[in-house]
Amino acid sequence: MPELPVRCAGIALRNPLLLASGIWGESGESLARAWTAGAGAVITKSIGSLPRPGYPNPTIESYERWGMLNAMGLPNPGIGEYPREIAVALGAGATVIGSIFGGDAEEFASLAVAMAKTGVCAIELNLSCPHAQGYGSEIGSDPAQVEEVVRAVTDAVPLPVIAKITPNAADPAGLAAAAERGGAAAVSAINTLRALAIDVELRRPILAHRLGGLSGPAIKPIGLACVWQIRERVRIPIIGVGGIASGQDVLEYLMAGASAVEIGTQVAFEGIGAFGRIGRELSELLERLGFARASDATGAAHFATG
Amino acid sequence: MPELPVRCAGIALRNPLLLASGIWGESGESLARAWTAGAGAVITKSIGSLPRPGYPNPTIESYERWGMLNAMGLPNPGIGEYPREIAVALGAGATVIGSIFGGDAEEFASLAVAMAKTGVCAIELNLSCPHAQGYGSEIGSDPAQVEEVVRAVTDAVPLPVIAKITPNAADPAGLAAAAERGGAAAVSAINTLRALAIDVELRRPILAHRLGGLSGPAIKPIGLACVWQIRERVRIPIIGVGGIASGQDVLEYLMAGASAVEIGTQVAFEGIGAFGRIGRELSELLERLGFARASDATGAAHFATG
Amino acid sequence: MVWFPGEDELPMSLSYTDGSSKGITVKAMGETSRNVQRIETGARLGIRGPYGNRFDLSPRRILIVAGGSGAAVLAPGAERAIEGGAEVTVALGATTETELLFRERFATMGAEVEIATDDGSAGTRGYVTVAVEQLLATHTFDAVWSCGPEIMMRKVALLARARGVASYGSVERQMKCALGMCDACALGPFHVCVEGPVFPMEKLLELPEFGAFKRDSAGRRVRF
Amino acid sequence: MVWFPGEDELPMSLSYTDGSSKGITVKAMGETSRNVQRIETGARLGIRGPYGNRFDLSPRRILIVAGGSGAAVLAPGAERAIEGGAEVTVALGATTETELLFRERFATMGAEVEIATDDGSAGTRGYVTVAVEQLLATHTFDAVWSCGPEIMMRKVALLARARGVASYGSVERQMKCALGMCDACALGPFHVCVEGPVFPMEKLLELPEFGAFKRDSAGRRVRF
């Protein structure tokens, strides 16, 4: 059988399928269960300085099988209370990556310092939430701010830092290059795309926050393009995210340039069993196509071209 | 029955469903047939200064029912030969909008002058093709260049000018505001999203040009968000584009702020009969929801909110 | 999930279903549910779902324990069980007589109804669990269903366990996505929106947090 | 559509199908189709489709007129028609004997074959249409199928019309999307990729452009 363990951003992952931030990541028990179900590592919900209830409902609109719209509004217990959830996940043996979001470089750095103390093996910076005012992609679509935030965090903590890139930008690869300059150990791409749903009967946007973020299969081609373009611009590893629902999807991301991937929305469509199934599919596909290791597929589509 | 005719950008449209640029727009006979099939107006393929063969095949990858990826590469006969195609469409009685693309303001202006002589009733500027180097969204994602191009064209021709906005930008509404400042009579939003498909068996991108543009239902939530945000920023009319496949989709765009819409990919999934069916669905839905005119629905979701 | 436009979207059970129309019963708990009381006839709501599971209707002799608004969740299940030929006994509890929900309805559908109020204004005085203990001693049941405050549910489950009767409970948690994704409704390793709201009580009794804490909108642990 | 990775994707007919395997026949026309001649055994191709329509197999006596590589398109249809019990006559034309495609194959499948070459190196000397005229005069047909240069197809259609025989032709145009969207294959108001490649010739004879011009990759009109 092909070897699934990969190294990425200096972390040893037992397989390249990570639980994406914001899915099952509010409670330690859920993180632990995702790990037990086979995730290569689990990424926490994005954690801020203070508890945040998030936006009122409706927070979700689901497009059967091909997409999902959400505006959760970054609900989280705050960095003060969250460490106990991480402890539960670590207690179950999980490889945990801590995701954080802040309003400026200083807030990111102080969150990172607190997060580093919990025992996580890396920190992912959410620079890309498309619907939280003052956070996420408002900072994350400006290369100068991305570089500044990443540098502040890498200066503050000894852990590998992963910058999560927004696709809501003219040049996502330029943002990845900024993260690399700032010292990021890896980038992850993509977060959700700014989107809206309207209920014509009720004559209003469905989500309470109106604008939300689109995830799921609909965005896979967009995520692949970002990973492809980032691979042409940076040397640090890339974690592919967006619309992964099968082993073939994972392999597409690897071939586009990713070293690992994150899976989110598919968990809503299928349950946590998605990790086991996708892992088996990936393994069979790598075997059939003659790859001895998952890592051998990384960037393969770039070499073939020409 | 509710009234379907609308006015938009100073043009009287017999209904709000326009044939999107690049679909059926290379030959006059096809434009004429789309008109006969019920389109409210037909928009030509984007025309440049010189004939362009476009990219080699594969130029298309289709995701059954929810999306389509293309990198045609703006094939077109050039402004020298194209007027005879427009003549065929006008001969059939069609309301024709001429789409043009250029490398800078000067080229756009001179194309507009030539296009204006053909008898089209308005000009759409393709500032948003995501995969043509030096054209489209490379200009279109910079507000200053958008304003400059629009101003050059409005100065050069007496016709209403529609600026087609790219979603591949951090702030599409800001681009629309730039177009308004430049004198645009309307904006259309959105063009396709930068995207990629990979064939894992052949280990390479599927499209010959590698990067392409995603269209179809997958992008409707993204198009709606753009129209929503543009409506909050500009006063000129908006033409909604992206993923329209039903009368309900049209109404969603109208409620988000559009005065008319363009339909593209659905023609590939269903044939040109899509115009008749979608028009009937729109009519029934407006009736059921108590709208006397299609135009009464424009922006309705903004009023209800709060 | 029921969307009250301009207000919020809340998890709600169908408390009435009769082929053509469906009903929900909303208890004024907080701001939204209070505002909802003022909704006018003809107003339009949004509905997503149904999500999650329901009570298994196969047991023949069922004891239903409803605390407060829990009756809204249990009434339609009781109806269907009786239609299916089950014998249903209902232990209905509330703080006071005016808070007793569906007292008539349970009687009309053919259930045996025992009442308990904390203040004794109707039925037995005291917690409904006292009535439950008696019923378990005097009747034979194949299953116990409960819905109400978690402390009540916990007690009921322990009483049932002591008698060797299988028990199931419908629990409440914050709900946002209702799709098993956002973790708002996490209860131990479970997601109430997908794997619940009905659980075999044996699974819940194992969880230290059951009856001890829930999570608020921010995901913080909040003691009951 | 057949994708030759690293080269191009071209519209191709299946010229062989036998349950388990399928074949295509590629004539060296331009750069890609020339390079394709050098593809090695075991190389992988991409396939989209099949798209578009095919010849209607119901007529009982069919005259098939194949010009040049048109035979690749017509051969499998001829096979299926014969399997279905039809009587098939083939008029096979080419510039010279070595360009005659599937001469043996048509004979083996049980068709009556008439040959015409421009230089007389095989069969009748001259255009295949001379053979067609004779066959139409001496035989009775329910339908004529043709595929080849449009000028040839136009002549064949006029000959068939003169005899009152329904005729159908498979036409070629530039293809890109193959989904009836990009307009590359526009032929009058039709899209060859979706509504073709087979058309009743009466529809094509009405189009001023049929046999007169096609469009190049840029959509420019190009005279034949």
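Points to keep in mind about this one:
When the chains are written out, they are named A, B, C and D in that same order, and each has its own residue count from 1.
Definition applied: a residue touches a chain if its C-beta (ideal position, glycine included) is under 8 Å from a C-beta of that chain, and two chains touch if they have at least 3 such contacts.
If you're wondering where the values come from, they're calculated on a predicted model, not measured in any experiment.
Steps from chain A to chain C, minimised over paths through touching chains, total 1.
The chain with its Cα centroid farthest from the Cα centroid of chain B is C. Distance between chain centres (mean CA atoms), chain B to chain D: 37 Å. Between chain B and chain C, the centres computed from C-alpha atoms are 52 Å apart.
Put simply, the C-alpha centre of chain A and that of chain B have 33 angstrom between them.
The set of chain A residues that touch two or more partner chains comprises 201-202, 204.
For chain D, residues that reach two or more other chains under the stated contact definition are 6.
On the chain A side of its complex with chain B, the touching residues are 63, 66-67, 69, 137, 141-142, 168-170, 193-198, 200-205, 210-212, 214, 217-219, 221-222, 224-225, 228-229, 248, 251-252, 255-256, 285, 289, 300-301, 303-305. Residues 22-27, 29-30, 32-33, 45, 51-54, 56-60, 62, 68, 70, 72, 75-78, 81, 199, 201-202, 204, 206, 208, 264-265, 267-268, 271 of chain A are the ones that touch chain C when the two sit in their complex.
Of all residues in chain D, those touching chain B in their complex are 1, 3, 5-6, 8-10, 44, 46, 48, 175-184, 186, 188-189, 191, 194, 215-221.
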